[in-house]
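Here come two complexes built around chain A, the first alongside chain B, the second alongside chain C.
After this line comes the complex of A and B, so read on.
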């Protein structure tokens, strides 16, 4: 059995409104990814040479961090389905902690690039690299804010096994943030 | 249904995602390139993404339309990245 995020009615987990937001976000990221991919097709050498300056270990580490944070969120949802608010809060805190680790790693990466004199105007590759990863960075922050709001409500006993749509809503958004990075990492850091 | 039974498959999914991320990283570190390598990386990415959609987001239990919509999105994005890579090779 999978860990269900929702009941068996076939509905999307969480509030439907968040899914409108999620689909809109995915569309924007999708366009961004394809713009990068086709810009690369016209500047293959430039993109390949510039990509060598990226820290692939940081990119891979951040992928593992986001996957793990998503897993923690799954555990938080499972906990509230078991009517265990305390455990739900702990898993959410762990997920937010992993989000913080992502931000710290990314800030070190940004600092490294800026100290090397790299900016948006360096070349087309770095324009995409910096804007794409910063755009995603902002989504991680928003995801953490949403998870924190869910955590505080869970801590005050605001959710139960019978009523936890807010937890599922926050979880769905956080998984979207993870999903986008799963594509961004190979696209920007690996494919050459 | 016990919690441990519910959680265990998700832990397996997490482990699989970790392993596949390691494989993708190693492909990059090895400096491998070419259409076959990129196809492998993109199929791995598609598979990983669908695992997140199905098992983490929980869409395996949602109506097939929603799951299909997200799979279609992932297929188009990964497929078009592959097409763009091919265009780059032929330039």
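After this line comes the complex of A and C, so read on.
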């Protein structure tokens, strides 16, 4: 499974296939962000007005949570490079824990919006807000599943300093999930 | 042929090609009726001939998929098929049921067929592509389940490869999604919504898995490239196909009564549907360029590369042409759709089935890795005739579609439908004659199976 697609994988860490996947995912989000920008340009007032109803505090909290989780993932990669599977497992568990915190905060936010009667059909802004955040939400879950798979393999001693492409692969995907949020949060919650 | 039971694929492939001929004949009939409205009326009305044309397409592709599975699964699983007898029995059941259905379409009025087959007990008829009588639909479900059981048992007991798992997932999805053809709500919006769960999620979802698996199988055999490399590509391609294809269903939900957000969801996700097809093209060419052996079956390689390119053009590019909501606002249900439909079905599914047949047939018939040189040459001629024809059919229909959309919907003085149809009749004539050339290509393809070569066959 660890054979790269090309011999010249260059500097990209992890499995080359995950990078095709990451680029494809970034393209999907990129197109979504562009669509948001176009829709906003035609409807600036509505967007600005609706945006004020968003909970920026929990959005900012979630930004910190995800950045922290990415830091933990970096520590996990560093640990396995030191051939320390146990520490790697701990850092991965911490990252997954932060992922769960993100999901809980986000669910409170969703519940708040739904109880206020906001839905996909409320207006174009909320269509984008709910679509983008939900789509990202699903990616956080997928990222956690990938990290969990890496964690279990690491726990059974499946990685070492010499061979840990799997850890880097999971880490790369998780950073993508983080990166998307770092664009999504200012774009949808903050920029006026 | 590595396993005796792979031979059950043979009747499936023969039936597939036989029904393919029928499909094209009916295509020629409706192509003629486009320009000579009362051609063969009242014996074969347009709506009936069109129904036969599309239904035969789906049935022969299903025969092709099943034949491909019976050939591919034992070889991948490295064991004999669980039950070759069941496979043969299912073949005859499916063939007879399919033939009876087509005879029913042609022999009696559709309403009579509905009444005779008890459609009022569980109404499922009367919807495009799902016109089959309810009992035929039930037969399809039974055949599909028994077929899945047969290959599923083979896979469970044998070696589990990515190709087998992806194929089985695709075929299971095909069977499960077909169940929505039994859901026929009174509400027209809901009806259409779930109708697409069969139609769209088949061709832009689970069928892509089947296609990817078949293509990967053939490419491993033809190129000798490492299985791990091909499997990784397959994973990425099917992941992309599902990510874009599932929510991409939304591109059918514009202005049919579904919520407005589908215009965004459908546009964004389906705009990315060309990506997996493009990846498949890159994948196929990369594998062939990195081949580790020169396989004697050149024709199969041509069909495989043709599949990758034509699927990208037909499904990817021609799909993208009219997938964005603001564009589709004008093009919805026009000849643009017909253009896309023709090239996508040919490029993705017709070609992948022929690729499989082209690879498997020499093994099945001659116990050799390749047909004789002359047969292969004829096959390649038929490839080019059919492929160039479908490209021109697509271009003519696209021309017709652009004019139709402009004259009927965009212009300041829009013209009525039938007036526009008269004005674009030239394109329909061109399409018809190109269809005749396609048929010549198909005849050549059939002839290639019987062509004798000068050299003696090398035994595998």
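To be clear about the criterion, the second predicted complex is superposed on the first by the 182 of 192 C-alpha atoms of A that agree within 3 Å, B and C clash if a C-alpha of one lies under 4 Å from a C-alpha of the other, contacts with A are read in each partner's own complex, and residues count from 1 in each chain.
The rule is short, and it goes like this: a residue touches a chain if its C-beta (ideal position, glycine included) is under 8 Å from a C-beta of that chain, and two chains touch if they have at least 3 such contacts.
This is a predicted model, so every value here is computed, not measured.
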item: First, second, both or neither for A:162, with chain B first and chain C second; value: neither
item: Chain B versus chain C as contact partner of A:32, first or second or both or neither; value: second
item: Which superposed partner A:40 touches (first chain B, second chain C, both, neither); value: first
item: Shared chain A surface residues [contacts with chain B and with chain C]; value: 1, 3, 5
item: Chain A-touching residues of chain B, taken from the complex the two chains share; value: 1, 3, 5-7, 9-11, 13-14, 17-18, 21-22, 24-25, 27-29, 33, 38, 41-42, 44-45, 48-49, 52-63, 66, 69-70, 73-74, 76-78, 80-81, 84-85, 87-89, 91
item: Residues of chain A that touch chain B when the two form their complex; value: 1-6, 8, 10-13, 23, 26, 30, 33-34, 37-38, 40-42, 44, 56-57, 59-60, 63-64, 67-68, 70-71, 73-75, 77-79, 81-82, 168, 171-172, 175-176, 178-179, 182-183, 185-187, 189-192
item: Interface residues, chain C side, partner chain A - complex; value: 226, 228-229, 232-233, 235-236, 239-240, 243-244, 259-261, 264-265, 267-269, 271-272, 275, 279
item: Partner chain C, residues of chain A touching it in the complex; value: 1, 3, 5, 15, 17, 20-21, 24-25, 27-28, 31-32, 35, 39, 120-121, 127-128, 131
